[in-house]
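Each of the next two complexes has subunit A plus one other chain: subunit B in the first, subunit C in the second.
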Partner chain A sequence: MGRRLTLTVFRHNPREASSRPGTRDYVLDETPGMTLFVALGRIRDEQDPGLNFDFVCRAGVCGSCAMLINGRPGLACRTLTAALPERISLFPLPGFELIGDLSVNTGKWMRAMSERLRAWLHDAGDADPDRLEAPMEPATAEAIYELERCIECGCCVAGCGTAQMRPDFVGAVGLNKIARFHLDPRDVRSDADFYEVVGDDSGVFGCMSLLGCQDVCPKGLSLQTQIAWLRRTLARQGW
Partner chain B sequence: MKIQQTDVLVIGGGLAGQRTAVATRRRGLDTVILSLVPAKRSHSVAAQGGMQASLGNCAKGAGDNEDVHFEDTVRGSDWGCDQIVARMFCHMAPKAVRELAAWGVAWNRVAKGDREVVINGQKVVISEADAAHGLITARDFGGTKKWRTCHTSDGTGHAMLYAVSDRVIGEGIPVLERQEALALIHDGERCHGAVVRDLITGELSVFLARATVVATGGYGRLWGVSTNALINEGMGAALALETGVARLANMEAVQFHPTAIVPAGILVTEGCRGDGGLLLDADGHRFMPDYEPDKKELASRDVVSRRMAEHMRKGKGVRSPYGDHLWLDITGLGAAHIDRNLREVKDICQYFLGIDPARQPIPVRPTQHYSMGGIRTDYRGQSPWLAGLFACGEAACWDLHGFNRLGGNSVAETVVAGMLIGEYVADFCASPEGDLNFSTALARECLEREQASLAAMAAGRGGEDGVAIRRRMEAILTDSVGLFRNGPALESAVAELADLYRRSQRLAMANHGLDANPQLVQAYRLPRMLKLALTVAMGALARTESRGAHFREDFPARNDRDWLNRSLACWRGGEDLPRLDHEVLDVMFMELPPGFRGYGERNIIDHPHTALRQADVDDFREGETDRHKRQTHMMAFKQYLPVQYRGRNERLDERFS
Partner chain C sequence: MNNAPPAPRPSPFSPFRRTSPWPARLDLLQSGSGLFLGLFMWAHMGFVSTILISPDAFWTVARFFEGYFIFGRPYPGLVSLVVALVFAVLVLHAFLALRKFPGDWTQYTVFWRHAGRLGHGDTRLWLLQVATGFAMFFLAPVHLYQMLVHPELIGPWESADRVWSGGFWPLYLVLLLAVELHGGVGLYRLAVKWIGFRDPASARRRLLFLKWGMTVFFLVLGLFSLAAYVKLGMDHADQAGERYRPVGVWNAPVQETRT
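Moving on, here comes the complex of A and B:
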């Protein structure tokens, strides 16, 4: 016999004057291989058609479905219910604007962060697409891709004490982006340029190295190493 | 009424939409992008294996060029594609890869010297040239003569989408997230923008634009199990269909990918087989060489998927509670290779199957994957029936892929189409035709119509169960409009879908809210999905031949004599069903006249002109040694490209002086 699960889910519509934040319990029979994506889908189809949540890829690659699963930030789509106890609590990711129930506006946060950090590759602008591309060391390309694997899910922000206290903190996600562009030989910016965007308490010096971020990053990024290294490199700029 | 004006309205924030927006923005046009989700969460992010472009840098790509890529693409399409578009595309793909390299994509690079690879189940050592060191490398993919698929590990779509999205942010182009286009505003001749719904507040507004570009991706989610993201419900194509004038093309051309995991339907990339992975049956036997002695696991997707299904029908599938499947075995590639080049595959196996693919085989079976059909456009990306309406990417039928797309040609199409169609859109806006010349009354009428229809739906006075209708639609498409099709099953599919469509207009609602209300979203999308489903099933029923991914058990031959054409679907206002007609593909203009693909069954009814055209082409080939001149004689295409993109592509064996 399969287990009978109880999901305690946060419910609130912040645009409705009469709505009060609260939770609702849903009881559901577990099926083999069930993920939280499957479970929430069934709840919406069978019990509560008004329940809001965000799944897009349902494969752990798009970063849409981060939420607090039994108190811990994670991607719901790739969490198997078998890995959880019979009582499961689901809350929206803290630190982001609530859209409704389990849906939060991570996209808006990420775009604002990217704009502030100027988180795009600043190339020299002289590449001719008809001609052979500029060579790059194979190991360099792999190292850049390693940092590029962030999916902007927001788990690191939810798991970070600093980010929860300081709304302007760019989070491990932001610092990792700066480390990524800093590493890239195609980016023409200097250390001083990077210092200008993250060299203060809302950036690399606000981080208290508590490492909540790395523990919860679903892509297993080496956030600790990146932040420490960035801090060392940029500290030199401050003097 | 909230009205916003812009020069270019791009509906869709995937690779195609965003690359188009960069082009129009750079031409000085005000450009706004709409997306259901944050742009970086668009389905493009999920592309794994890579992007085809004939750079020819790596040893196994040596000798590659546009000509080889073109022939692979046309054969892959089973001669269903537009050969001019295929030529434009193959010429542009190297430029697109190089542009993305400059924008930050960390393409994997060639490392000089010897390296061990797995080919046809054997370990082989290949040696990379010193001169190629550090240039962009490529992997093998199905249906290609050369190793041509450029990649960043197996997260290529992610790397590309992030580079293009970051560029959009850098150029200051607004992306309005969680905004859904609900209807196109048009007067029967000219498209003027769209009515848009805010998915958070439910508010409707009007966007008026000189040019409207639909880049909304595919319609894979009409099938119950699909590798596609959940938002790939074909809404852009449905909006075009609902204009009553714009047409959709080849909607029956639907690709099933050989290797999605069972039961979740999540894709594991063709790169698994490209890098040396094998398909095994219940007995552990490698069966593909029995069917396809030449290309084996690396025939085109339509062929491999059908062979797999055929083999399972013979009782050779592995039984499971979720139905039969086969095995994809990549254990021979070694843990080190998987850790570096197939990391997403490893993650997917770990999280969704609880297995380590370096040690255990992966349960797979063919699953809906790609929509070759879509909004019919000319080579400029514009609808021939509705001026000012453009489409590109998976939402469009530009017609690069015909009846089967090659792996790696889709993400390549999105960026190439974005580069080109962005320019044509800008040209259109610069022409007198492109002036914004609308009536506020028309916009108001359109908005009020949508408003009234939403209010009626939210009230939910009908008694029909939307979830049940949707599940039934999915099942019909999977069972009757899947890998194998036949007349009687398609006839009953059309009849039942038409009935579901009628019922879907009278849904019961438990939730009456007009703002973030998932049931309301389902209610307005479902009838549109059913309209698309009808164009798919009717297209499949009408096409009494087998071509590429469209396989009719009752008409197994590819019939060039009667069916060398493109299906068109139009849905006139007030009618119960779409109307179909067919647009001829003229053999006498083809650079590569129809022939045997080199894989799959050889079962062809020739077109009467094929031999004639073949003789012409053979003459051209013999008479000219320079490949560029020869190509121009056979089928000139450069005049269709924007001037700045007409230059040749440099390669190691074709250096510029």
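Moving on, here comes the complex of A and C:
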């Protein structure tokens, strides 16, 4: 006999003038191997077709289904209900624009952050599609790939007390991006250039090392290591 | 074949520096001043707790820092100099740490709610750091000013009289808790802030274990020391103000004592 779960879900549609933020309880029977994705799908199919939540890949790759699960940021598709108590509360990720219910616009935040940090490869401007690409050390490629595993789900921003308190803080996702391009030998930017974008209290020096990011990252990225390294590297720009 | 070295690749950014170097400097200064104060407080506790060995032991430590065993007579001004330095570093650290304090009601509420729902130890520890840091704005200067202007009144009876007859023990009790909790968390935070661990999870487990171990050790040592001063102060209350004369110290000074 499986458990009977009670899901307390945040409900609010900001585009409807009459909508007031609140929660609604849904009761359903747990099935073997049930994830929150399965549970929410069943609620939408069987109990409340108007419930908003985001899913694309169901496999922890797209980063759409991040939400506060019993107060902790996490991916719904990767969270087994068996790992949770019978009462489960689901809230949208704080710090992002609410689309409706559990759906937030992380994309808008991520894009603004990327544009602000210029988080793309800055090559020397001599890219030639007909020329063979310069080889890269396998170790370097591996290191870059490790940081590229970030799926921009927004959990680190929702788990960061600094980012919650100061909305202009770039968060671990932003600092991780800077670390990634710093590693890339094709990127011509110098430490001084990186200092330009994250060398202040809304960047790496604003990080208070609360390490919420490290502890909630669903991809298990070692964000503490990256931020400490970036802090040491960019602190040298003070002299 | 052109063997000329490749021209340096131009930076896509302006060669003119737009960003101030000060955020980096302030961050380092905050960490550096915190490191100094944290380590100083541990050493300080070591000196203060020599009262648990014997009044003579504490008397020897106090006179040592006045240069008595080097110059043959005590110079309390040397202690004032160290106090002034610590005071200055404290002011600097407090000023820099203020930047991190929640600034308004919204920030306090947001952080409080965040810490409440996340159930995350390191996040909660920060609230403890803010609270104890705030308390020290008011507690630490009282003690420091006293030490700055009356450095000669550091001794077994002198300190005990201040603690008991002078009514300082409640301040010292709260200050002890604030300092040890704040310093312990702060030193732990410095480690995770600057050291890039290969395996952060296990490194943090060990660091937290070490941090709490040190905090408990220094708190217990501090409480026992304070109790010793209280006891000594009670016993000496009738002669409060009398200077201590060592019993078994070699080469004890001929010091004027009020009898």
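Simple rule for what comes next: the second predicted complex is superposed on the first by the 238 of 239 C-alpha atoms of A that agree within 3 Å, B and C clash if a C-alpha of one lies under 4 Å from a C-alpha of the other, contacts with A are read in each partner's own complex, and residues count from 1 in each chain.
Please note the rule applied: contacts are C-beta pairs under 8 Å (C-beta built on N, C-alpha and C of every residue); 3 or more make two chains touch, one makes a residue touch a chain.
All values derive from a computational prediction rather than experimental measurement.
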Requested in this report: Report clash or fit for the pair subunit B and subunit C bound to subunit A in the combined superposed model.
Outcome: fit
Report task. Considering only touches as defined above, state whether A:R186 meets subunit B (first), subunit C (second), both or neither. Result -> first
Report task. Classify the contacts of A:M208 with the two partner chains as first (subunit B alone), second (subunit C alone), both, or neither. Result -> second
Query raised in the report: In this superposed model, does subunit C or subunit B come into contact with more residues of subunit A?
Result: B
Requested in this report: Give one of first, second, both or neither to describe whether A:G199 is in contact with subunit B, with subunit C, with both, or with none.
Outcome: second
Requested in this report: Please indicate which partner A:G22 is in contact with in the superposed arrangement: first for subunit B, second for subunit C, both, or neither.
Outcome: neither
**Report entry** Included angle at subunit A between vectors to subunit C and subunit B, based on C-alpha centres and rounded to the nearest 10 degrees
**Finding:** 160
Requested in this report: Report the closest approach of subunit B and subunit C over their C-alpha atoms in the superposed model, as a whole number of Å.
Outcome: 12
Query raised in the report: Both subunit B and subunit C touch subunit A; at which residues?
Result: 122
Query raised in the report: What residues on subunit C touch subunit A, complex-wise?
Result: 9-13, 17-28, 99-100, 102, 107, 110-111, 114-120, 122-123, 126, 189, 192-198, 200, 204
**Report entry** Residues of subunit A defined as touching subunit C within the complex
**Finding:** 68, 71-72, 94, 122, 124-125, 159, 161, 164-166, 188-190, 192-193, 195-196, 199-201, 203, 205, 207-212, 214-215, 222, 224-226, 228-229, 231-232, 234-239
Query raised in the report: So in the complex, which bits of subunit B are touching subunit A?
Result: 37-41, 43, 45-46, 94-99, 101-104, 106-111, 133-137, 152-153, 155, 158-159, 162-163, 166-167, 169-170, 175, 177-178, 200-201, 229-231, 263-264, 266-267, 321, 340, 344, 347-348, 351-352, 354, 467, 509-511, 513, 515-519, 522, 647-652, 655-656
Query - Residues on subunit A engaged by subunit B in the complex (per definition of touch) - result: 13, 15-16, 32-33, 35, 44-45, 49-52, 54-64, 78, 80, 99-100, 103, 105-108, 110-111, 114-115, 118-123, 127, 129-138, 141-142, 144-145, 148-149, 151-152, 181, 184, 186-187
